[in-house]
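In this document, chain identifiers A, B and C correspond to the written order of the chains, with residue numbering beginning at 1 in each.
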Amino acid sequence: MEFKGRDIISIRDFSREEIDYILEIAKSMEPLASKGSDMLKGKILATLFFEPSTRTRLSFEAAMYKLGGAAIGFAEAEIASVKKGENLADTVRVVENYADVIAIRHPLEGAARLAAEFAEVPIINGGSGAEEHPTQALLDLYTIMKEKGKIDGLKIAFVGDLRYGRTVHSLAYALSYYDVELHLVSPESLKMRREVLEAIKEKIPVKEETSLEKVVPISDVLYVTRIQKERFPDPAEYMKVKGSYKITLETLSKAKKDSIVLHPLPRVDEIASEVDQTPHARYFKQVWNGIVTRMALLALILGAVK
Amino acid sequence: MEFKGRDIISIRDFSREEIDYILEIAKSMEPLASKGSDMLKGKILATLFFEPSTRTRLSFEAAMYKLGGAAIGFAEAEIASVKKGENLADTVRVVENYADVIAIRHPLEGAARLAAEFAEVPIINGGSGAEEHPTQALLDLYTIMKEKGKIDGLKIAFVGDLRYGRTVHSLAYALSYYDVELHLVSPESLKMRREVLEAIKEKIPVKEETSLEKVVPISDVLYVTRIQKERFPDPAEYMKVKGSYKITLETLSKAKKDSIVLHPLPRVDEIASEVDQTPHARYFKQVWNGIVTRMALLALILGAVK
Amino acid sequence: MEFKGRDIISIRDFSREEIDYILEIAKSMEPLASKGSDMLKGKILATLFFEPSTRTRLSFEAAMYKLGGAAIGFAEAEIASVKKGENLADTVRVVENYADVIAIRHPLEGAARLAAEFAEVPIINGGSGAEEHPTQALLDLYTIMKEKGKIDGLKIAFVGDLRYGRTVHSLAYALSYYDVELHLVSPESLKMRREVLEAIKEKIPVKEETSLEKVVPISDVLYVTRIQKERFPDPAEYMKVKGSYKITLETLSKAKKDSIVLHPLPRVDEIASEVDQTPHARYFKQVWNGIVTRMALLALILGAVK
């Protein structure tokens, strides 16, 4: 396995063996995330966020600083050279002179891949279009592994918007490498994209459902996502759907005692705030896991860890 | 006195003894502010500014870098997760995973306190609503101590908008711990808030005035604030008031020779620019003092200084 | 030659001897730009960008981080204290308390000079109005020196908008110190400003042209700039002009074999993308050279290099 110099564009570019290795390195980053380290001293990360994302941007920056490096970048497309009409290929070929690695978020699918074709430094896809968010998938896997002790053998349910949420697409592909059973719970209009569904069905058992009730009692992991109002032409339809996929104390009263609830965040109200206090809630721990997973990726592709 | 892990929300959370200790530590930071230090190496400050404030944000960041730490954050509410509808409690519980300490500025009173209730890492209030700005009060006290050699025994005048200016509220509470005489000079409609006035009157002599003339000759410290046009329904009223509270060379011709003029900045024209050249002017020195005071606070609450 | 504490406002403030020395120090920065250094550890750069410029801002920040320092600042005028009505002199006198050196970009000519008058820390002009961009001129000279092995004796052509482009003004002044022949190729309405033209004509041979054809075959360096649509009252005129100054493979088929094409970037379409693959293209290398040149300037004015 060679990670040095490699781009992180799609979770599908990695084998299961490689993913397992990344998770192992992430684990070894836990003490460094608390104490700090000089592993990437003198190295610079550029964060090019053409679409805002406080969470992902700050997570990458924190990971870099905790390894002793530094971060530069921008957080909006409404800026400078892009406004002046520069294309992405040029922006990337400029910025790679400033930085040792580039994390990019872009509203268009394929943008990160295009950037990687032009750049000589490694590119990390920090979310592109509705398609891919590979570092989120890796931190989700790391969270499941850390909280449940394993991934193989679990029953995992995705709940909410499975059509437009890029994190569920990347995570579905990732989970298809493992021996899991996947339950997809969503309103009719927000069902998992066809191409993802077909690809993962070849490898693992997948069931589509519209009701939470049947799924909660058997799930080891409930992975909840936001349902966005904008996705519904009819507001009344939105209000109805919204209620049916909300995780409350009552929902969880039927859950396995040791099941965990995850969410890529930000949440609006698809998880009731009283759930935060239950032992099921692990969504804020996911955030910490995002730091150590990104530390692992940065250390690996910059060659600081073999 | 224990500072490690403590939140800095209101100046009223501190005793006089504690404030004096912070000022002492601030003094010991002066050489480190010039040369730099590794005291907070590996530590990260997150600045969450839901309301813009170049000055305060850069001051916190500079303090952190001078101690060898790093800073991440955002400078506008118009950003990412907040736009997506995330509430403050969630934002804080996410960001505390990225950082060892959080400085927050927010347009709503009580926001910093709420953040502190949810966060496990220490929260520093960088200004919330019109109510509190505790680090500004501490740097103001430090400036008075440094420039006058003492705080006890001084006659101090506040001039301008005492109703909406959060710095004067925090500073009034802070000064009420000391043996000072306070003169409050403002137009009728911008008088000091009732609740602040009542609280401090129990502890120190306070006089409200509408004219500068009587106050200038007896004051050791003139603390001037901006009078904002938006506060006046009638622009003519604003123009009249504005002129009467302006500090000019003429105003200062009647001042004590060793009196000092302070201002939380930015100023618009409530202090004439020719005053900058006089020995009274100390408002740019306040800025430097803000760095050392914030270095002291960061070092104390992160446990690098006992 | 003394650089410590010096402002970098106009290229005309430097002698040829000084410029040659800066280029020499830039060369010595090449290995540090790759490996990182602790030369400016504990030092802070403030970037005050009142006009957006991703490229220049990130270049300064990267230069500072590569030397072990840190960077703070803002990237838009729409921010905090400026919104509140603060003037530039006050902003600079505040920010110099936070930083050891300030890089400023401002839409108004003279802004950087004014800042330097008020600040005690060194000011670097990161572009002010349409007039000056001295660090760009230095990195352009460094690129020519590095790519051609010399500056004296070369034939250099400027192509495009020579009226509003600040980089060509600074570079023209800089080149007038050397033994070069300058060809100015532009549409009638975008000819080089009179005052620049007169100043440089006293020192070096300068020819104004409206056609590229005659100039390409004799030039050692083609320095291309953007022609902005907004400059033309008549869109039809713009379309015509635009085509005539575009560098394509066909244009370059008549060029000297070892001629180089430079561009301050961002480009829109004044250089066809197929030119990127030719050995003439050096515009992305310019970006790297910007880092080492700015590292040299920071090290010199902060006294880390004599």
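Everything that follows uses one rule, which is that a contact is a pair of C-beta atoms (placed from the backbone, for glycine too) under 8 Å apart; a residue touches a chain by one contact, two chains touch by 3 or more.
Remember, it's a predicted structure, so these values are computed and weren't measured experimentally.
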Same or different residue numbers at the chain A/chain C copy interface, by half rule: different
Chain A on chain B, rotation in degrees - Cα superposition, rounded to nearest 5: 120
Where chain A and chain C are represented by their mean Cα positions, the distance between them in whole Å: 40
Shared-contact residues (touching 2 or more other chains) in chain C: 70
Contact footprint of chain B on chain A as seen in their complex: 35-37, 52-55, 57-59, 61-62, 65-66, 68, 70-71, 75, 226, 265-268, 273, 284, 287-288, 290-291
Touch list for chain B against partner chain A, complex: 41-44, 46, 70, 72-74, 79-86, 89-91, 93-95, 97-99
